[in-house]
Amino acid sequence: MLQKSLPALAVVLAGCAAMTQGDYRDRAVQMMKADFNERGQAKLDRLDQDETQAQCSRKPADGALDKEVAAHIEKTNLDRVRYPADGKLLGDWRAGEKIAQSGVGKQFNDNPKAPAGGNCYACHELSPQELSYGTMGPSLRNFGKTRGTSEAVQKYVYAKIYNAEAFTACTNMPRFGYKGILTEEQIRDVTALLLDPQSPVNR
Amino acid sequence: MTKGFIGALAMLALGVGIARAQPDAGTLRGIEKYREALAEDNPAELWEARGAELWNARRGPKGASLAQCDLGKGPGVVKGAYAELPRYFADADRVMDLETRLVHCMVTLQGFSAAEVTRRPFGGPDHRSDFEALAAFVAAQSKGVKMNVSLDHPKERAAFLLGEQMFFYRGGPHDFACATCHGESNKRIRLQDLPNLTDAKDAQRAYTTWPGYRVSQGELRTMQWRLNDCFRQQRFPQLKFASDTSIALTMFLAHNANGGVFNAPAVKR
Amino acid sequence: MADPMRIRASMQGDKVLVRVLMSHEMETGQRKDESGKIVPAHFIQNVTVTHNGKTVLSAEWGPAVSKNPFLQFQFAGGKVGDKIQIIWTDNKGGTRTDEAVVN
Amino acid sequence: MEEVVHFDRRRREFLKTAGTTAAFGALAAANLAWPGTALAQGAWNAKAFSSKSLSDVVKAYGGAGAEPTNDVSWGSTPEIAENGAVVPISVTSRIPNTESISILIEKNPNALAARFQFPQGTDPTVSTRVKINQSSNVHALIKTANGKFYVATREVKVTIGGCGG
């Protein structure tokens, strides 16, 4: 793999003074596609971007996200939200807590048959018992206590977990339902973790 | 989906944004004490010692040592070399990071095949990595030296700009890019501070402390390993060892850390 | 992994402070490898430190001592130039002896 | 096969390092008979290291019980550990005639992690690093020259770290 020939790169780089940002982007994508090996469940198609991923691959120098692009991202992703057919949005908060704690799933060394976690604590504060929480996302402490459990709130929480891009274009939060990371039942359980009055999040 | 519902959603979304999680001061002080207690007597020294032996050992089909390996500051000059890597090497007509250069020297000086020496580049319970030992040894010879990575050569500049593109490239089932976790300041994942690798100060602090002894694994890990494992957690496929992508990203990170005083091998969680 | 120990022995006032890093897996016997098989326990059981031939510390360890173990202690009666010898033995018969001079 | 090779290598290195005196050769040979082998240089108390509780460890070392004490300082021992695989533990006993300090992790599968014996002239203070499976009480068990046992306890919390995968 180290003997990989680089004539294509050499040609491109020879004229690099004239290379534009777009050229670098294309060249970077080509380079990445040559430089990964598929392993386990992680095949090379994971390097292929969908429209949202491409629009959200932005450097600070690219400036603020265009309002129309942001609206487009949110609209297309909202259209992709699928609620459970039976209309039930709240599951078991205890199962939700386990999902929130678990960071496994979808990695090349993970068992593809085992359920994935949501890893919520990596980025969010939830139950007060868990001291080890991240701050990439907002605190979700007392989430249901302060917002209630109306159908609108339930639908929002379910949809936010299902496809966060529907509400915040280029968010750091994965699209757990749309991308098939969590199942319908798991999303219901995490929704319950946030909203159930008995959940430690609200106690 | 009614207009009213969307409006309610927007308000809820705003409400969520108000209460930012504050790090628990007592917990963080405790963690700080833990890190201090481990900072001295770093087991990385065991790797440095083995790396020094490997560097000087006559090995390979040519029975040569690495003592004549040119890490960029002339054959055999190790002191300060790591603080200037990656760099362009005319003899290979390629930008190389430390590990790629070590492969080059193992091939050209010692007569090993690249495939052979890179078959299992990372160590584990049943396997020791020569690269991890050599990287610990070489990196330690740059302690106290300021990071000074050049972009003067067109290929160095190209590597940096390609690395920048890769850093912000989202993909995989989780939509993660390097920047997802390392593009903002003052964030934590669980209790670990996340360096903002686009910010000079954070980039300096992060880059100058790799390689590091990873206590969770009991292994000395290098920048090549760090990138490999970040991509695993990004849910990407497996990054090839010493690939151009790995070098470009390392160039982006190393150059962002310029001016920082090198201080590795360090201890890492 | 019988790499040499890293031994530091230095005078701190009238005491000799000894700090040691050892290279050892300290396998617990409870970890599974990638194929799901239990990796057998493999750990240092005994450590003996001598100063000019006299034992100044002896230790019994179980597999709960961390991988690549660290040990620090201090004793009286030593001086610069004295010899410190450390021996460890593990549960599979592996052993290692290293020496250092007090500085 | 791998292990056999390793063993031979270690044994060779040992013999090389220690010199091929008869005494050391015999020691290396004796080690072959693990488990349960008492080594010439020091015994390894298999019963103590398979004990699940503080009281069983005390019994394994010939005591009836341990008296709580505050005459122990914990030095750089943290109250919270970022990773349970490596937790620095530092114990100093102020109890006169301290002969040994044992470190026990209450919630580990086997409680006893390590035991240190201090001959005359060695300070009853030791630092090491241990594995702690989950947040747990850590005991410092002190035995004095006249056979009495004392125990000091502190809690160490172990956190979940990193990206979680």
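Letters are used for the chains, namely A, B, C and D, taken in the order the chains are written, and counting of residues starts over at 1 for each.
Keep this in mind: contacts are C-beta pairs under 8 Å (C-beta built on N, C-alpha and C of every residue); 3 or more make two chains touch, one makes a residue touch a chain.
Treat the numbers as computed from the prediction; the structure is a model and nothing was measured.
K.L.:
Ranked by contacting C-beta pairs, which pair of chains comes out on top?
P.N.:
So the chains sharing the most C-beta contacts are A-B.
K.L.:
Distance from the CA centroid of chain A to that of chain D, rounded to the nearest Å?
P.N.:
Result: the chain centres lie 45 Å from each other.
K.L.:
Suppose each chain is reduced to the average of its Cα coordinates; what separation in Å results between chain A and chain C?
P.N.:
Each chain reduced to its C-alpha mean, chain A and chain C end up 46 Å apart.
K.L.:
Using the average of all C-alpha atoms in each chain as its centre, how far is it in Å between chain A and chain B?
P.N.:
24
K.L.:
Approximately how many whole Å separate the CA-defined centres of chain B and chain D?
P.N.:
35
K.L.:
Among the residues of chain B, pick out those that touch two or more other chains and give their numbers.
P.N.:
Residues 27, 126, 181, 189-191, 215, 218, 232-233 of chain B each touch two or more of the other chains.
K.L.:
Identify all positions of chain D at which a residue touches two or more other chains, and write them in rising order.
P.N.:
80, 85-88, 90, 129, 157, 159-161, 163-165 - these are the residues of chain D that touch more than one other chain.
K.L.:
Counting only residues that touch at least 2 other chains, which ones in chain C make the list?
P.N.:
In chain C, the residues touching two or more other chains are 66-67, 70, 72.
K.L.:
Output every touching chain pair, sorted by label.
P.N.:
A-B, A-D, B-C, B-D, C-D
K.L.:
Show me the residue ranges of chain D that touch chain B in the complex, using the header's touch definition.
P.N.:
Residue list for chain D touching chain B: 2, 76-83, 85-88, 90, 129, 157, 159-165.
K.L.:
Using the touch rule from the top, collect the residues of chain B that touch chain A in their complex.
P.N.:
1, 5, 8-10, 12-13, 15-24, 27, 93-94, 100, 103, 114-115, 118, 154-155, 157-158, 161-162, 164-166, 168-177, 180-181, 183-184, 186-191, 194, 198, 231-233, 235-246, 248
K.L.:
Going by the contact rule set out above, which residues of chain A touch chain B in the complex?
P.N.:
Its residues touching chain B are 1-4, 6, 9-10, 13, 16-17, 19, 24-25, 27-29, 31-32, 34-39, 42-44, 46-49, 52-54, 56-60, 78, 106-109, 121-125, 131-136, 138-141, 143, 146-147, 152-153, 155-156, 159-160, 165, 167-168, 172, 174-175, 179-181.
K.L.:
Contact residues on chain B for chain C in the complex?
P.N.:
Going through chain B, the ones touching chain C are 41, 43, 45-46, 49-50, 125-126, 128, 215, 218.
K.L.:
Where on chain D is chain C touching in the complex?
P.N.:
3, 6-7, 9-11, 13-14, 17-18, 27-28, 31-32, 34-35, 39, 41-45, 48-49, 85-88, 90, 105, 108-110, 112-119, 121-123, 125-132
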